[in-house]
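Next, two complexes with chain A in common: one pairs it with chain B, the other with chain C.
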Partner chain A sequence: MSEGQEQQIASVSSPEPLSAELQEIAGDLTTGGCVRAGRPELLTTPENLLPLLNRLHELPEPYSRLTDLCGVDWGDRVQVVYALCRGYGAEMVLVKVDLPRAQAEVPTVTGLWQLAFWPEREVAEMFGVTFVGHPNCEHLLLPEGFVGYPLLKDYEYDRSNPLLSPDPLREDPDAVLGGPPSEDETGAS
Partner chain B sequence: MTWDPTCVTEELVVNMGPQHPSTHGVLRLILRLDGERVLEVRPDIGFLHSSLEKIAERLDYRQYLPYTDRYDYLCAMANELAYVRAVESLLGVEPTPRCQWIRVMMAEMNRIASHLVYYGALGMDTGATTVFLYCFRERERILQLFEDASGQRLLYHYFRIGGLRNDLPPGFCEGLRSFLDEFPRRVAEYDALLTRNRIFRSRTEGVGYLSPEAALSYGVTGPTLRGSGVSYDLRRAAPYYVYPELEFDVPTRPEGDVMARHLVRQEEMLQSVHLLHQCLDRLPPGEINVKVPRKLKPDPGEIYVRIESPRGELGVYLISDGSEKPYRLHWRAPSFHNLQAYPEMCQGAYVADLVAILGSLDIILGDVDR
Partner chain C sequence: MGLRELEDRLRQLPGNLPRAPEQPLRRWAQTHHEGGLSVAFINVVDKVLDTGRACSTWGLQFGLACCAIEMMAVGASRYDLDRFGVFFRGSPRQADAMLVAGTLTLKMADVLRRLYDQMPEPRYVIAVGNCAISGGRFYHHAYSVVRGVDRVVPVDIYVPGCPPRPESFIDAIRKLHQLMRRESIADTIGHGERQHEDFFRKRELP
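The block that comes next holds the complex of A and B.
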C-alpha cells in the first residue's frame, strides 16, 4: 500500500492537469482547472458559471446532481464552491467561482437545482455574497437583522450589535429584578 | 341557511414549534392551513446554530475532534469517521487494517443505534408509545458496548487521527455477538408491533410522497432517498475502508411514502447486523495506530470526503493552508438537505400527517443547523 499512499500524499497537495475529456468540454468556459486527489476542479467566472453548469448538465453522462454548495474566504476574494456528481455515482467535480470581496455577485443556480435554495442563503449570510435572481435571500441560520458576515476571516465579534449584546438579566440581575434579596428573606445563616 | 359548495374556509397561519415535542429538536414550521389541510409549510431553522465551521478555524486538527461528536449526537461515530478520514487524507496517512475494521464496526453499530431512535420516535409521533421503550432497550445494549470501548455513551471521541483511542476491550466481541444473535428477533417483534399495526399503516401508507426526480433536485440522500426507489448508498457507490470486501444489500422501496422510508430503515438495521457478523469473523489482529507527528501540519491543499452516515451523504470539505489549524471546514450535513425537501412531501397533507412525515425524514436539528 505504500505506493498508493505516496501517490495520495502527492496528489492532495500537488494538483495534476485536467483530463482531456473535461478540458475539451469545459476548456473555453474556465479560467483554470486541475485534478486533486483524483477529483477534478474547474475554476470559472461568474459570467461563465451558468453556461458551464448547463454544459456539464447536458453531457451524455451528465453531472446532473448538485450535492453541495459552500463558500471559502481567501482574503481578497470569496470563492463559491459547487460540488457536482455524475448521477448517483462516485465521480464528482468541484466547480469554483472567484468573486472579488468588494462586489461578490454570482447568479443563482436555484433554477437548475432546488437544493441550492438553502445553501445559497447560508453562503449569502455567512460570506456576504449576493446571489442574483435568488427568490428569497433572507437570513437562514442567523437571526433577522444580524450585522456582519461571520465566516469571513476578518469578522470580529461586535458587542454593539444588539443581537449579540449581553443578556441584561445575566449581566446585572439586580438592576432588572430590583436589588438583592434582604438577609431575612434569604434565610442565610 | 343552505350549503354552498364553493365556500372555502378562512386560511389560517399556525406556528408549529420551535418548542414542539414532535419536531425532534428546535424546528419552527410556519403552516398555512385551510381547515385541516396544509396549503404551505415553511421550515424556519437556525435555532440550534452553533457555528461549528467557524470553531474549526480556531482549533487545531486534534482539538476539533470532540466537536464532531456533538453536532449530530445520534451518530457521533459516523461524524468522527468522516472528519478523521478527511484529516488523514490530507496528511497522506493510511490507518492500519485492524483500525479500519474497527471503525467500520463502530459505524455500523452506530447506524443500528441511530435507526432505533428513529424507529421509536416515529412510533411515538404516530401514537404508538410502547415501541419506543422496546427500541431504547436494545439501543442501551449498543451504548453499553460503546461505553466499554470508549468510556462514553453518546459522544465517544473514540477515533483519533491515525488510529483509535484504544483497542477493543476484553469481552467486547462476545458481547456484540450475543447482541447480534438476539437482535433480528427483536426487529421481528418491532415489525409485528408497529409496522404491521393497522393504525400505523393507515397513518404512513401513501403519505408524504417524494418522487425520485424531486429527490434528485433537492439532493436528498440516505434512507429517505432509497425509500423513493433510488439505490444509492456511498458504501456501494464510492466505497471506503473495508466495505468493498463486505457483502450486503442496499434496501430500496419504490413507493416513496413514509412507510417506504420506514421499511428501508428497518431492513438496513438487519443489513448492519449482517455486516457486523462479517466484521467480527474477519477482524484481523495487529496494531491499531500509525505514527503521526505530534504537531499536525498538513501541506497546503484540500480534500472533499464523503461517507454514508445513518442519515445520508455526509461530506467534509477540508482546506489546509499548511498551518496547525484547518483553513476552512465545511460539513455537508445530510439532514439539512433532506429537510429542505420537506415542504415538497407535505403537499396536500393533513396537519396530523406532518408529524409522521417529519419523523420519517429522521432529521437531527444539530445536524441541520450546525
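The block that comes next holds the complex of A and C.
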C-alpha cells in the first residue's frame, strides 16, 4: 500500500495524541502512538515488544487479557497487532510491531498469554512471520505441505494444482471446443 | 457465449454422446445360458433391486458450509425427505449416496475421497450448491477452495444455487431415483470403475 493511501486511511479516522498516562507508561519503549477512533495504538519494535507488553501486563490496573493477535500486510512491511484489554469492559489498547518482509521475526508472547499459541500459529502460516520461541508452530488451518503465505497481498495461488486450476472450458471455451461453430455444424444441428 | 449455446455445443462433441451401456452379464446370459430365461430373470431381479434401492436411499450427510443448513431444512419436517426414503447416515458404510453440500477445501478433499472410497457400490454423489459444483464465488482467487467436487469424486447430480431451494434439492433426489431405476445388475458389476472411466473421459475434452 502506498504512502498516500495510508495517509488517506489515517486522515479518515483522524488520529489524536496519546493520553498522558499511556505516554508516561510506554513512551520510552514505543516509536510512535496515537488514539484512533477512541482507541490508543502503540507502535513498537521487535526488541521492545516483550518489555512493553510486560509493563502493560503489570500495571496496577493491568491490561491482562489478550483479546486478539493478527497480522497485516502493508506491502513494504508486515505488521503484527496485539489487542489488549483490561477491566470488565472493552478498554483496549493496540500494540503494533512493524517487521521487514524479508526477515519477519518477533518473539512469542505465549509466555505471557498461553492462549497466544493459536493466533500465533495462524499468523505464522498466513503471513510468514516467525515467532521465536513458539512451542509448536505447525500449520493450523492450512493443509500440511502447503507452500506460500496466502494472506500476503502478492500471493498467487498454485494454478498447476489439479484441484485448484481454472477450468479450461470456462476460461477459453473456443480453445477447448475448437473455435466458434462453422455454418455446417450449426446447419447440421 | 451463452450457457445454452455452450451446452448445445458440448452436446455435439463426440465424446459426450450418451454411450451404449456395456452389459457383460446380460451378454453372457444371452450367449451361454439358454438366452431368454436368464434375461427375464435378470429383468425381474433388476426391478426388485432398483425399487428397493430407490425407495430407501440412505444419504451420507456431507454438510461443509451454509448449504448444509438448507440440507437440514430439507431433512426436517416441512420438506421431509423421509417420505422419499432418504435418511441421513453418519457412516459411509451404510450410505448409498453422498450429499456434498458446501465449499470443499483442500484440507477436506482427502477426507471426502476417503469417505467416498469407503461407501459400498453402487454409490452416487450429489453436488449441492455452486461451491460444490465449481468453487462458486471462490472460483477466481481462492487459495484453498477446490474448484468443484467433481475434481475429487465422480458426481452424478448437480444442484445449482447459492444455496439451492429445498425444492431443487428434492428434485435432485427424484432425479437420483430415476437414475437408480435405470440401473441393471448387469451394469452394476464394476460400477465404480466404469464411473471413473466416464469421469476421466468427461474431463478430457478434445
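Operating definition for what follows: the second predicted complex is superposed on the first by the 146 of 189 C-alpha atoms of A that agree within 3 Å, B and C clash if a C-alpha of one lies under 4 Å from a C-alpha of the other, contacts with A are read in each partner's own complex, and residues count from 1 in each chain.
Operating definition for what follows: a residue touches a chain if its C-beta (ideal position, glycine included) is under 8 Å from a C-beta of that chain, and two chains touch if they have at least 3 such contacts.
Given the structure is predicted, the values throughout are model-derived calculations rather than measurements.
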Inset, instruction - Classify the contacts of A:113 with the two partner chains as first (chain B alone), second (chain C alone), both, or neither. - result: first
Inset, instruction - Considering only touches as defined above, state whether A:176 meets chain B (first), chain C (second), both or neither. - result: second
Inset, instruction - With the two complexes superposed on chain A, say which partner A:43 touches: chain B (first), chain C (second), both, or neither. - result: neither
Inset, instruction - Quick one: classify A:142 as touching chain B (first), chain C (second), both or neither. - result: both
Legend entry - Of chain C and chain B, partner touching more chain A residues: B
Inset, instruction - Scan A:150 for contacts with chain B and chain C and give back first, second, both or neither. - result: both
Inset, instruction - With the two complexes superposed on chain A, say which partner A:35 touches: chain B (first), chain C (second), both, or neither. - result: neither
Inset, instruction - Report, in rising order, the residues of chain A that make contact with chain B in one complex and with chain C in the other. - result: 141-143, 150
Inset, instruction - Can you check the complex and tell me which residues of chain A touch chain B? - result: 1, 4-6, 8-9, 12-14, 36-37, 39, 64-68, 70, 72-73, 81, 83, 88-90, 92, 94, 113-115, 117-118, 139-143, 150-151, 153
Inset, instruction - Using the touch definition up top, name the residues of chain A that touch chain C in the complex. - result: 141-143, 146, 148, 150, 155, 157-158, 162-170, 173-174, 176-178, 181, 185, 189
Legend entry - chain A-facing residues of chain B, complex: 45-46, 49, 51, 53-54, 57, 89-90, 92-94, 214, 216-219, 221, 230-232, 237-238, 298-304, 306, 313, 315, 317, 319, 328, 330, 332, 336-337, 340-341, 369-370
Inset, instruction - Provide the residue numbers of chain C that touch chain A in the complex, in ascending order. - result: 1, 6, 8-10, 12-13, 106-107, 109-110, 134, 139, 141-148, 151-152, 205-206
